[in-house]
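You will see two complexes here that share chain A, one where it goes with chain B and one where it goes with chain C.
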Partner chain A sequence: MENKNMTARVEKNGGSTLTSPYRQESVTVPTADIYETPDAYVLSLDMPGATKEGISLKLDKGVLAVEASVGSIHAESATVLRREIRTTGYHRAFTLGEGIDRENVDAKFEEGVLTVKLFKSPAVKPKEIQIH
Partner chain B sequence: MNVRFERYPVARNAFGDVFDFEREVNSLFENFLGTPWGRVAGSGYPRLDIAESGDETVIAMELPGVKKQDLKVLVQDGLLTVSGERTSPALPEKAKWIRNEVESGSFSRTIELPHPVKQQEISAELNDGILRIHLPKAEEIRPREIRVK
Partner chain C sequence: MSLIRWNPNRELGWFPSDVLNMQREINKMFDTFFRGSEQEESALLPSIWSPATDIAEHDNEYVVKVELPGVSKDEVKITMEENVLTIRGEKKQEKESKNSSFHRVERSYGAFQRCFTLPTNVRAEKIDASFNNGMLSIVLPKSEESKPKQIEVKVK
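Moving on, here comes the complex of A and B:
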């Protein structure tokens, strides 16, 4: 059973794949940058080949999950002579701490990079106290 | 091999990677045992594909976060060189890194052209982080059907 799966995968990907046989699913883990500002967290994920329409971004039970499919890179009639680019799609998930305003999340996809801005809820934002 | 991992670890820190542990264990297995069909077909950075169809060869290259104006494609002496720079956006004031995995800086990769090309008709486009370079085959190597008289 296990062997059958592997064979099918090899054929589909033209004989070269990064897929580990120890993983059930074959996905690419996008590299991520995350920084924190006084009022938000900003994530950026490298997802070349993904499209805006093919990205799913979900915030559920304190986990932010990003999934994206990758369209075909070459014309159907073309013969691929060398394949290094993976087209298995992307998946990565992050646990979020407390204090994120779920209703206030911004996301954009440019140049193959997904940028997500998660604003902090007012309760955890640093606040300067005025002295009267 | 039947190893199961907890999908959502109990201890949660802010922006912890949900699958970090699983990945680490997997990479231990891979490094130790090797993958059955080798790592990557060819190796180099940035990663590229070469695909051939009747009249042209297309080179596709992964270049996330690279702007058109920071990219240079050069064809010379039967070689194709793609070079450029990925500039990392400056960290805003009062911001601090939580994770910094994305690499920036300059890159260059050179490959031998698979066949003679029509230099004047080479074109390239950059979309969603993928650069595609179209290399039209030179007239003399295009497939040609010979009509029988």
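Moving on, here comes the complex of A and C:
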């Protein structure tokens, strides 16, 4: 139910996800680090509480979208004495530039961190040029 | 490249509900206009982060949950002294190789510490902790005496 709503809204927004109506629903924009290695861009997103199965990662028309829903972390019978964790889900999108090999993307989820490796397309990789 | 601390408000744009935030931003704008750059000053301070924590009470135990993505179990130390639970540790920045360069750093790194005073009825020797998907769960069982008891009273 929750999930359906979310997708519906994304479409209405035309995929512009950072100006978000989600805030009230506590869908968090996960914090991200991006670094570049000689052959790839590496994206790390903090998504504590998400599960590998619950994450959807899509690459469509040059936009990489990450979405995940997080269930309630407390048992229903429990009394919550302190509540600082308010995330019910994660959502963030990145527009990829030229020079990324769209067919060659690697992702893993470990310790609550989603790491996406976007390999550079061969055309933009630094090349050593032989001198004859 | 200079590093500037990430401010989610800057990136997310304006929300109609965030009038207070907007006011703060406008105040900051005036401040920086008249006094020079405030942003740079605050960016120089060491960043402090404290991981979000929930505490829930169950019938037989308390459960503490801490958001610690990217922190391994060896990097966290949990201690219980008197009835104060202390969670401390350090999140280290991992980078693949020397030839890589950062484009964006939003995640928090460094040392953290959180302390919570708990009710006195916790059995310290039975505390158990586990890590799952970047979420630390600490289970603190209550002592026998404090568990809810049902006593049947016979009516004569």
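The rule is simple: the second predicted complex is superposed on the first by the 106 of 132 C-alpha atoms of A that agree within 3 Å, B and C clash if a C-alpha of one lies under 4 Å from a C-alpha of the other, contacts with A are read in each partner's own complex, and residues count from 1 in each chain.
FYI, a contact is a pair of C-beta atoms (placed from the backbone, for glycine too) under 8 Å apart; a residue touches a chain by one contact, two chains touch by 3 or more.
Computed from a prediction, not measured in an experiment: that's the story for all the values here.
Just checking: does A:97 make contact with chain B only, chain C only, both, or neither of them? Give me first, second, both or neither.
First partner only, chain B.
Going by the contact rule stated at the top, is it chain B or chain C that touches a larger number of residues on chain A?
B
Of the partners chain B and chain C, which touch A:74 in the superposed model: first, second, both, neither?
Both partners, chain B and chain C.
From the superposed pair, tell me which chain A residues show up as contacts to chain B and also as contacts to chain C.
18-20, 23, 29, 31-38, 41-42, 44, 46-51, 73-75, 77-85, 109, 111-113
Write out the stretch or stretches of chain A touching chain B in their complex.
Per the touch definition, chain A meets chain B at residues 6, 10, 15-23, 29, 31-38, 41-44, 46-51, 61-63, 65, 73-75, 77-85, 92-97, 109, 111-113.
Which residues of chain B touch chain A once you look at their complex with the stated criterion?
The touching residues are 1, 3, 8-9, 12-19, 23, 26, 29-30, 35-44, 47-54, 57-58, 60-67, 91-92, 94-103, 114, 126, 128-130, 132.
Considering only the defined contacts, which chain A positions touch chain C in the complex?
Residue list for chain A touching chain C: 18-20, 23-24, 29, 31-38, 41-42, 44, 46-51, 73-75, 77-85, 109, 111-113.
Quick check: in the complex, which residue numbers of chain C touch chain A?
So the residues of chain C in touch with chain A come to 6, 8, 11-13, 15, 17, 52-59, 62-63, 65, 67-72, 95-97, 99-108, 116, 131, 133-135.
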